[in-house]
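After this come two complexes, each holding chain A, first together with chain B and then together with chain C.
On to the complex of A and B.
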């Protein structure tokens, strides 16, 4: 323990010495995270020759920082212009954007940065301390358990639908249906592809994200001069608003802690990711909240939950990568390639043979989150100006840069047309009172749910009771039912109490 | 007159359910003779979708019967769409998708930004708009294509600049 502690301290100070790599990479990460299509994974691939040319430690610091910063960056356009940079930030605009529209964009950014930094930093330290235990979580999560985790995320549709249940359910199930497009996972039978080969892999996520959020939003915002709802709210930004955002976040420190832990646990499970974590965290945050009716209207807790959870995922992803050699996501898989190029072997022996590399990854993450907090927070004052740019200039910029972002992941022109098609669908949905976030949740989680469902059925020769065959699965089922019933019961109690008071 | 104004425009609200029903039925037609693995979740999800759409349509019929709604599309299309330049923006966006493969990212982005900003601003400040559009398009080229060699659609401008930069 003493030896490990000495190594950790040594590695920490060594990593701080890489500030000259970390700070520019933070800004690069914010840019690539903020534009749909330019994920950290894509950027690391693009810059792979550079990464391979660096020495191992510098390369690792660069990749880890880019990964964290891109995660944080994805929340910025989600808050300011209702465009999540990645699917992991898809729950962020639910409360972030209403805050920006109400002229509190600066506070919303500060809340997001504090929640992301603290959530990321905390889960990094917890992951470091509990690595051997966390690494085993993946072994217990089979298809049945994963089905319940997915349902936790999908149950967010029901919350979104609370204003108009039928419309919410139509949007959610339409999303699930669109998510079913493509070949089935067992026999690769094409379904609902309209004859397009481009759909055989399923509906690509980035064009759906770009269309439903960015393009449709651009067509809506041109009705107003600027994004903020009341022109009286367009005022000069000041430090006070940033500090107010910090105070609002810190006052909810416990919320940051437990929602980031949700992210950490989901991040540890290979195949799960930031989008699931942020949906689950948002839904659970709403479930236990004393003011669930404020969610979706610009409630700080509704912004904290997805942001701290999706940053909790980043540290969680490193656990199976380092301890078992199983990458938990695309970025982790690329890190694996780069590390293997440098001759690093994964598994428990990594921490015995090359402890500086193993612990160094976590330390790089911790230092990146620390420096991100210090460098990005002051910028929220200036970033919030985006909401005051006249929409006649902003809308075309959003359309051009996000549509081309839809093209980047697969390089199909088809994906740009698809993004435009989703844009039209999103526009119709927004104008007629259907929630685009519910459609997107279905598109993201639908294929994953189907995959695990089919795997579970296949393993049990079609016996549906397999869904209730594992102890952990049953515990999760009970938790799911409790989380669905609790808000209804609490709501009834509150209404009764109101009636009694009146 | 007032009642007419406050009536819900159910025609617009029915667009998504009608699309959902049409899509679900098409989806079912593609899996009718497929193995059960391809059918099971689609039939389950599609079945619920058809059910909720049916319930929504029923609700609309009741509202129409009670005079609370009309089959109008006012919440979806209005004259404001022309006044705000939304229709124009849609066609320039379509043009952007059509032209970008031939002209490449930089030129198409410049043309799209200029044209759509001029439409949205109703022709005001054309020089300023041209300058902004040029700066954005060139900035995008410099960051994404020149610096990071991102896989953006390339055309005449990108090819020429590559040759110019390669030859010093």
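On to the complex of A and C.
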């Protein structure tokens, strides 16, 4: 404890004193996180003149709070209208949206808020306590190990496709093929771009995300009156539903703990991010579940896993930034620029020279999650009413918002057309029984897998056996095989037991 | 009193045509006189948060006071900078209200590897901001702590060396080092400066080569061992020596050099605007506030190095020549 403990206590009370920054920023973060195309990173860039004008501590609290709140906010439209605000929330609608459709949007939101807050708070405290150890994770997770981590996420395609394996695999391969569009990571040679400059940097994620999920969803819901299957359930929303959601989440506290730890560990690896963490957490959650067949139908654990994990990433991202001076993701990179303008030098010496800055960032995160829990949870009752808006109004709103969201990140008209194109693809896929999530997993994780694969091959002069050249990598390979086989074995056992009972 | 007008029909038509021409041209003339009347957009072909972002913000914070308008950066990373240039040349009007802030080193080298869809002479750089030599560095915990360690190890096995992108002046510096010492190096493109630093720090690669400004920004997580040029910052690059001093080579400085560029057509059509851009750019360098802005942003003021159209053109030509020479090694062809 000693000196560090005293600094932590002092920083905690100082951070609490910034409630007047934190609370408005939470709402700003929820809005920018919820609108596809916006994110904490580009909001910090837009507001950079304001951030630079703030004093160091205020700017720090503002950025960290915005980062956390945007992450949580991305889950709200994912649950209510099947629009993940960011790629990090792409796994959230898998079970969140079916809950909303079943008239349990309020419970789903409460579960999401509890999982996000507790997951974020817990991982922040763990990161604070174990920073020097966590910073070492990046020293062991190189391209070979990351290939296996990617395969954990990609193997989710097989889980999703379990009901119709052929269609699931076709959808997954289609996603991987779309994900391979763009220039290669070694020689920057354009591939499959069809002459479009807009594809040189790969298929942009946000248009693909909003197209496959939101636009296609708008086409589907327009055929119904409202999103919810049982209209009356939500019209009489009450506090009871919110508390029921809280109870459902708290009853699965252990699930929140370990899935958020997956997020934390993936977050500290430079270059890895929330999208990887949420898919890997969802896949692992389904693998160890006693009721895997419930995933995808509105199962609380299927919602808890990605939400805890992607909030675990936020604290993880700060670790390499503060300890090594290496930003773990886009938002951390922007924070680095802003903090450097304020004269802060990141890296190993930060905690010696400016300990209050280093600890202050984690403390700001912890306080932000605490206040988020208290301020946002009561709102779930009102937010859930979105699902009762008649679709003749909701569907055009979804399409307009999401097309704008598709445009925002790169400001290309092309991206709006692309989102519409993906919308049509998503609609056809849904109508013909292909799972859009399987396509999306391929699009998101495919390019990352390819990047690590090509780097590993380049490092080894093309020797494929390099994939089995590291001890940690081999352990991960075994874990991957076990996680793929386990559900099959468990399923057989359950079927046998059923037959015996009958 | 009955003074008849001597205005003939021909004269009338001629005068009318001239007046119409003046009226039509008036907004254009007024426009030129009032340049700039709106913000100037700047395409940056790398990601936000990197060295170019930091450099741009520091420089433009002073330049905008001279020019009397603000700059709006737009980040278009991808394909080793190619996306940003293609967007600039293909989608931005050549009206001097849009500029590109590129790195004349790696991005021009890129054209030698794979020509762009536009003619490389259809744009030119008019204002060099800095010259930043490439360097070789290791992670602070690397087993390879001296240049001798690296050369000795590189003679035993092929060392994996991180680089921001294959076509980079620092990559050419490394290939030259391999030629001089006989050490075997394998360039690994890690996509951007941050990843290149991370690669060396975490041990993904044996060591890395990169623009030294980005290495300085990485602080004490890294240790610099060699400069492919002159060490102008001494201790901040761990007093690393120049490659020419160590090995007696005559390698030209392997520089990254950030500069503002513009469509050639914009300069041809609006010489007055071009003149204003260039004079205010030069005035920015004469202002001591620029140095303060660089120091405040943790930039490297020692690398600030004014250059005009001629210096930039010479640099661009040299890079294209260097690219042609090393093309087989950098493209794997």
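In the analysis below, the second predicted complex is superposed on the first by the 499 of 502 C-alpha atoms of A that agree within 3 Å, B and C clash if a C-alpha of one lies under 4 Å from a C-alpha of the other, contacts with A are read in each partner's own complex, and residues count from 1 in each chain.
The working rule: a contact is a pair of C-beta atoms (placed from the backbone, for glycine too) under 8 Å apart; a residue touches a chain by one contact, two chains touch by 3 or more.
All of these numbers come straight from a predicted model, not from anything done at the bench.
After alignment on the shared chain A, the placement of chain B and chain C results in a side-by-side fit free of clashes. When the shared chain is aligned, chain B and chain C each come close enough to touch A:458. In the superposition on chain A, A:142 makes contact with chain C only, not with chain B.
Contact with both chain B and chain C is seen for A:411 once the two complexes are overlaid on the shared chain. Between the Cα centres of chain B and chain C, as seen from that of chain A, there is an angle of 80°, stated in steps of 10.
Once the two structures are superposed, chain B and chain C can be ranked by residues of chain A touched, with B on top. Once chain A of one complex is fitted onto chain A of the other, the partner contacts of A:395 are limited to chain B, with no touch recorded for chain C.
Of the two partner chains, chain C is the only one that A:341 touches; chain B does not reach it. When the shared chain is aligned, chain B comes close enough to touch A:177, but chain C does not.
In the superposition on chain A, contact of A:192 is made with chain B only, not with chain C.
Of the two partner chains, chain C is the only one touched by A:330; chain B is not. Superposition on the common chain A brings chain B within a closest Cα-Cα distance of 8 Å of chain C.
Residue overlap on chain A between the chain B contacts of one complex and the chain C contacts of the other covers 185-187, 189-190, 411, 458. Taken together, the chain A residues at the contact with chain C in this complex read 41, 45, 138-139, 142-143, 182-183, 185-190, 197, 200-202, 270-271, 320, 324-327, 330, 333-334, 336-337, 340-341, 343, 345-349, 410-411, 451, 455, 458-459, 461. For chain A in complex with chain B, the touching residues are 31, 38, 43, 46-47, 166-167, 169-171, 173-174, 176-178, 180-181, 184-187, 189-194, 215, 218-219, 222-223, 391-393, 395-397, 399-401, 403-404, 407-408, 411, 413, 416-417, 420, 423, 425, 428-429, 431-434, 446, 449-450, 453-454, 457-458, 462. Within the complex formed with chain A, the residues of chain B that make contact are 12-13, 15-17, 19-20, 23-24, 26-27, 30-31, 34-38, 40-42, 45-46, 48-49, 52-53, 55-56, 59, 75-76, 80, 84-86, 89-90, 92-94, 96-97, 100-101, 105, 109, 112-113, 116-117, 120-121, 129, 132, 136, 140, 143, 148-153. By the touch criterion stated above, chain C contacts chain A in their complex at residues 47-50, 53-54, 57, 74, 76-80, 82-83, 86-87, 90, 110, 113-114, 117, 140-141, 158, 160, 165-167, 186, 188-191, 194-195, 197-198, 201-205, 217-221, 296-298, 331-332.
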